[in-house]
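One chain, chain A, links the two complexes that follow: it is found with chain B in the first and with chain C in the second.
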Partner chain A sequence: MALDAKQKAALFAGAGALRLLLFQAFPSLPNRLAGRVELSTPVSSFKRLQEGLYLYTHNVSPYDGGVYHQAPLLLPLLSLLPSASDHPLATNLLFTVVDLLSAHALGQIADTGRAASTRLFTSSRKSIRWSSAAIVAGYLFSPFTLAACMARSTSALTNLCILTAMAKASQGASTTFLLVLSAASYLSMHPLLLFPPLLALLYDARLDRSKSAPSPLTFTVMHTFGLLVACGALLVASALLTGSWDFLEATYGVRLLLPDLTPNVGLWWYFFIEMFDSFRDFFLGVFWLHVASYTPGLTIRLRTQPLFVAATLTGIFAIFTPYPSVADAALYLSLIPLFRHLFPLMRYTFLASASVLYASFLGPAFYHLWVYAGSGNANFFYAITLVWSLGLSIIVGDSLYAALRDELDVERPELRDKEVKRI
Partner chain B sequence: MSQTTPPREPTNMSRSATEARKQPPPESPQSIWLRRAVMASFWAVAVFIGLPIWWKTTAIYRADLPLQDMTAWANAKVCKPVFPLRIAVVDAPLPPHDAHHLLRTTQYALDDLNDFSTHHLRLTLREMPASAPANASQQVVVDGVGEPADDGTVALYVRLIPVETGPTPRSQLQPYSATLDVYYSPNQMPSPSSTSSLLATYIARELHGIYAEERAQLAYLLSRAAGSHAAESSSLSPEVAAQLQRQSARAFKYAPTYHLTFSLFTPTSTPSAWDIEAALRQYMHPILESFASITNFTIDTQVQLYASFSPSIRQPEYDADAKAWTIHKEDLSGFINAAEWPLSPSIGKGPTINFALYIPDRDQSPLFVQGSRDNTWLVPQWGGVMILNPPPDQMASATLTKEALAPAMQAFSTQLNALLGLPQTPASLPLRISTLTRVHTASLIFSASSTLGALAQVYQKMPSIPVPDSVAQSVNQSLTHLQQACDCLRDGRFQAALENARVADGEAEKAFFERSMVGQVYFPDEHKVAVYLPLLGPVAVPLVMAALKEVKSLVAALKGR
Partner chain C sequence: MLSFLSFLLCNALIACAFAGSDYHERLLLRPLPQSTLLASFNFRSNESSVTYEQQNFRLFPRSLGQILQHAHTKELHLRFSVGRWDAENWGQRPWYGAREGSNGVELWAWIEANTEDEAFSRWLTLVNNLSGLFCASLNFIDATKTIRPVISFDPEGDHASTSNLHLLHGTLPHEVVCTENLTPFLKLLPCKGKAGISSLLDGHKLFDAAFQTMALDVRPVCETPGENCIVEMEQTVDMVLDIARSKRPRDNPIPRPLPIEEIECDTSKPYNAPDTCYPLDKRTEPAWNLTEVFGKSLKGACPLTATEGPESETLCINTPPERTIQVNTTGQYTESLSASDTLRCYKLPTGAEFDLVLPEQRMTTGLVRGEPHLYAARSINGHGQERGSVQVVIKNPSTTDPVEFAYLESLPWFMKPYLHTIRVNVPTSTEDPLKETYYRPAVDRVRGTHLELRLVVPPASTLTLTYDFEKAILRYTEYPPDANRGFDAPPAVIRILGPFQSADRKGLYLRTTPLLLSLPTPDFSMPYNVIILTSTVMALGFGNIFNLLVRRLVGADEVPEVAGGLKGIVQGKIQWLMGLFGKHQKSE
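== the complex of A and B ==
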């Protein structure tokens, strides 16, 4: 059920026009949004990117001063554009195009239909689905996506890479998949954890296309090797560009060690403000292991639905990584509609959507109370980030339950629509 | 959770559908293995990555400390500070034989007098024309008067001067050099056969008397220091001990640098200036320079107009008999208006010694402390205060001249001496300062030793505090310098001993108050439960429970076989 070309063109043109209109109609809005902690984290902020660009164009190491924590290769690319403060249109256009490309990739994923039926598993409810136009529209017109796009946070680039990697994996295009996934990992590091489920997805897609696929082992080794080469090439190019390997500490070091405790929608900052210094390193390890431990477990358990695993992992990233932003949640929330067939099995949709809405409205208000009005304190904002994370975790947990239930229905059709109990 | 273990035998597969609905169906071997694989993956992450991270990040680094040495120093087992003072008899216009004889008898007399073995006076003879081989000493003899050649280890020079008139023997201590002039008549020389003589006894008694206060101070210090010395100090009489206690309570703790603040306070607008620089140069600098071998000073001054009394004290009252205003003696402690007068505590490094000069209002002048005409008092470990009533002709002038400041400066220098712990006797300033050097050296050695001992105890009693390498370095430095200080003391090089003791004490303090250690001192093991449990507990419970269940079913399967 591919998108009708006309429909598609209208959708994309509408979304692009809306973005440009917002950029033009409210010239101060992008800067205001770029200053919001919910949208701009130390590792994705557009303002910090500008600082890095300024240093870079003045032949100073962009990491001097400790403000810029993003990938070095972004700088030569963005320095081609005219300055964002004088001619914002070019930058605005770039981020609009990035959003449209992401939506296009999302449309491709929807078109393959691998959300509901894969090589090893076909949902009994696979007829319940939304058209890819609806899913794309859901992404393009989601207020979270819009806000992230207006804030011009570089998470948008990571999201583009992740969505494209998923699309390529669903289509079985090995080389592009490896390149795009290594680009995503290069930009944000944690997308590397998506490799196992997406590799499984790629393998299934390959087998579907040609029955004479290589053995799983050689396939895995080949692709792991390819991923390492691609990542290594990007890192070496960065080192050549900046003239030293210092960028590793300023980019990945910051993500791993959390030296910047600027508040964000995640759970880490408050915890590490309160942490005893001597346990800081240990809990950094614990938190990172917690994020990482989901990948193998979920991939093994839901080997038959790799796309669902990858989508769930993006949800886990949006909750448990050190510097999550609303853009990460936007990615997860726009992947959820791919699994429309699971919606009837989900039990807490109201609770989840209510808490996400609650957090999105009260979050900015409480942040204002804390930082500007001075009539609240850090706990106000932290409580809201807890609610936000709770909402997202309910969606993650509930969709996982639904996926397992769906699997059970295929395994034992006689239990369909019956109450089940875990023993 | 109903614990009905699903039957696993394949024969049960043939049960009827109705029964199967009540009994959970058998798990397929595939799903069992899937579950185990998932669990194993979580456990693998926890065990193979989590445990090493835990081990690595919570390991406490403890540098090796020379605990035995530190404890030995704290127990005063390594170094027994001794103070061998060399006293040179110079310019004796005597034949060598007589001179040696006099020396020997005097030394006997001295040793008889001395009951404090740590402090030992040793007489030597200098400038014996016949026996001295060196040209240098010859030269001094030729010069006759003035300081004899000084290698820094001679504490006191005794000059024997034969006189014909006046009572003999008599002696005079030079106030500004470490020289004792002894006048004697030639017939008082001990006869070669006698083992004692009037002159020898006299010199010995004089010398003993000169160092009486120093001996008392050292004995007092030793008695307060730990352990083995306590027995020796019993010789101190209670009155002397109380006096020393008072003195040491008044004086500042030794510091390599002191900051002096001179402040002028007046309740009105006059005087608004004072010629403090010239006054300091004339009255203060000489005394500060003589302290230069012990400590450094930095100075600042300030003028504070409209400085009012603090509300807690009574206003001055007019005493018609004395034609003067008086303030009550009880109010002196509140005289300094700490809330409003800008007398900041230590600014730079080193403690601040405050000197406050108060010029009363013209309407309340002259102002005296009730019951005395002495208008100065000392605030222990803080500084000195003086109420200065300027002479009537200067009342109106806006500037206090150097001459008007002279009494204040004299009072302040006396107070400074007391605040620095300078002993009151003997009369010679160089001698008093060298006494202070030795006393400070001893107290620094004791303080450094006890700090090291305390650090060793902390190290042993609290195995959970991290000890960085810098602490070990400081401790080693401290021990080295302590040893050097001790050696210098033994050789009588007191200046070098003070330098070393100062470094040793500084390093010991630095090691003891190392920031990263202090933070962990009050972190008992029970707190670790509170740190680990809230987060790791909820994570661990499902992991452990699932593992237990799996193990149980494995055991059951093995038994059933």
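== the complex of A and C ==
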């Protein structure tokens, strides 16, 4: 059920036109959205990117300061564009194109059909699926994606890299996969955790294509080495560009140590505002360990469904990383429709969607009450971020249950539609 | 214009240093509009640098001298100020801004050191020692409040070599200057506030003034380069007193309305009646005398001042010649009129009290007032605790000369300016007024922002400088106890580079008022609640996922029916006990 060219062109043209129309019709909207804490975090904000560009073009090191925390190679690339404040069209076009490319990658993932049937596992419900067009439309017209695109946050670039890495892994294209995954890791660090499940996916895809694939060990070593080389090359290029290794502390150091406590939709900021100084380092370690712990657990248990593991991990990132934004959640929520066959097995869809909706409407309102109206305090927004994270984690947990139940139906068809228990 | 010229002349007279005696003091009084009075105290003591190096202190205070030598400080400038100089009404600052601070404490010094790190450690020694000496929180000037200005300050003194001198600058805008800072300040004077003009300085009146600033400046001065050097310490106190407010007796300070007979009424108002009055502004100069206004009497001259010549005239008043002034003293005094007539100076009697009495008088000529070279105002635009923008409005009153100036901003790290949003706008000109920018961005919790701009404002125009900034949210332990009051951003320093030049090397300065930033605050009462709630959400996610991952799904009918809860536990225990009992029986 591949996306036919006409349908695809119409869909992409519509989405592109909608974005450009919004940019043109509401010229103040992009800046307003870029100022929203839900969309722009200290590590992805467009305003900070502009400041970094300004410092870079004026020969001040952007990393010798506390404002710019994004990757160095973005600077020479984006400095080619005309200034966003004078000629916003070029930047708007860039972010629209990035969104369309991400949608294209998502379409490719859907086309491979690896969500429901992989080398080692084929779901008994694989016939229940949405067309690629529907999935792509779900991504392109999701209000979260639209808002993130309008805010021009650099999470869009990370999302593009992650989706392309998934697409390339499901197609079995090793080199491109390694390049885009290292680019994603270079931009935001945490996509590195997607490497094990995507490597498994790549291996399966390669084995499907040619029956004489290398041994798993050689394959893993080769690709790990390739990833290290690609990441290393990007880092060395950045160091050559900025003239020092200071950028490591200002980009990855900030993600690891959280010196900037600007509010966002995640769980870390308020926790570390209120944390006692002597326990700060301990809890930073615990929180990062917590994020990293999902990758091995999920990859080992769900070895047969690596694409599902990768999608679930993007959900984990949207909840548990230090600077998550709505753009991360948008990525996860648009990957969910790939697993349409699991929907009948999910138990808490109403609760989860209700709490996500509740948080998306009340979040901005409560933030306004706290910061602008002064009639609420920080706990208002904090409570909403808790609800948001809880809603997303219900979706993650529920879809995981559905995936395991689906697996059980294949292993033991006699238990289909029967009540099961965990032991 | 004539009054302005004479004003310049009299200032030049006062500023002119005369190297006869080693101790000079002078008080300049200048009535200002709206019944206010500027009192400008200046004390200067010299010590030859040879005896200074040998720690043989005579007039230079030993406590300060030893601190400066210990910290290798060659030149020191310290300001304690409260209030705002109202340039629109009061005109030019008394020392052209060179000795006046803006709110809080400001300190800058040239420190001799081989490396920047050494200079900084000596700077910390200096601020900690001065903190003890002046009973001020100067020790809170740390790396986040210290900058190294590039174009805004030049050394005033003669330094043999400037290669290893480091300029460091720190401000504490929130510091409340009060009487505990005045007492150590007076103790540095040779007459210690017991005689001479310093006997007029009283904490109650000084800190009740509309504007007051205390300055301490230490610099080396050489007659010829490297020879006959002296270390000069200059202390100045400037205050603008509201005469009516200062005249209130200390035991009865509540203002009361004047009896209606003493008020000038607007008789054109329809409601004007013997008991109803629309008061008009008084067009007369108020009556005052020194004792009333300063709350203390002037105890005669300090014996260390020169006995002859213009240096011996330690009290001057800067008013039009028509103003009547009566002298009230039992001792010998002399009065001299300067050439421009607007300055009358008095040589004080030694050991006898001295008072000037000015009666209420209707004047025909205006007050003596100099026009400032620039007017500056700075404010924050925008609302909310998340972000805002700073707007600086600088007006050049001159109709002929463009004024070039340096603008120095030292911002705390939690106020993050966006340099790409800087806009400098002069509506009357198309030329770019921004000539040069020095910028050192802040690093969270390590250092503050240092921004220096060189700008030109064309004649008779207004320059507007704006930039956006974002406010960081801090860790809850980093907020002061009064977190919702907000945080102060230090005043901006404006130095006029040209075409006006000061007669000496002090420079022409302006300072804006500090800014009050209201930062978003967390809830200070609930660290435990936040830790518990966040951990609960994380545990729910983690527990749910890992529970699914590590356990196996089986059909509900395949699991042995064991009742859960307490009943299950009790049943299990009973079964275990029975099993144990059974085994026991078997073995018997």
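The working rule: the second predicted complex is superposed on the first by the 423 of 423 C-alpha atoms of A that agree within 3 Å, B and C clash if a C-alpha of one lies under 4 Å from a C-alpha of the other, contacts with A are read in each partner's own complex, and residues count from 1 in each chain.
One rule holds in what follows: a contact is a pair of C-beta atoms (placed from the backbone, for glycine too) under 8 Å apart; a residue touches a chain by one contact, two chains touch by 3 or more.
Just so it is clear, the model here is predicted, and its values are computed rather than measured.
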Put chain B and chain C onto chain A via the superposition and say whether they clash or fit.
-> clash
Contacts of A:Thr349 with chain B and chain C, given as first, second, both or neither = neither
So, A:Ala292: does it touch chain B (first), chain C (second), both, or neither?
-> first
Using the superposition on chain A described above, determine whether A:Thr175 touches chain B (first), chain C (second), both, or neither.
-> neither
Of chain B and chain C, the partner touching more residues of chain A is C
Check whether A:Asp277 is in contact with chain B, with chain C, with both or with neither, and answer first, second, both or neither.
-> both
Touching partner for A:Arg301 - first (chain B), second (chain C), both, neither = both
Looking at the overlay, what does A:Gln24 touch: chain B (first), chain C (second), both, or neither?
-> neither
What is the contact status of A:Thr122 with respect to chain B (first) and chain C (second): first, second, both, or neither?
-> neither
Once the complexes are superposed, what residues of chain A are shared between the chain B interface and the chain C interface?
-> 276-277, 290, 293, 297, 301, 412, 422-423
Can you list the chain A residues touching chain B in their complex?
-> 276-279, 281-286, 289-290, 292-293, 296-297, 300-301, 412, 422-423
Which bits of chain C are touching chain A when the two form their complex?
-> 383-387, 413, 416, 418-420, 437, 439-446, 470, 472-477, 520-523, 526-527, 530-531, 533-534, 537-538, 540-542, 544-557, 559
In the complex, chain B touches chain A at residues 1-2, 4, 24-25, 34, 37-38, 41-42, 44-46, 49-50, 53-54, 56-58, 466, 519-520, 523, 531, 535-536, 539
Interface residues, chain A side, partner chain C - complex | 35, 37, 47, 50-51, 53-55, 58, 60, 64-67, 85, 259-263, 267, 269-277, 287, 290, 293-294, 297-298, 301, 319-320, 370-372, 374, 377-379, 382, 386, 389-390, 393, 396-397, 400-401, 404-405, 408, 412, 414-415, 418-423
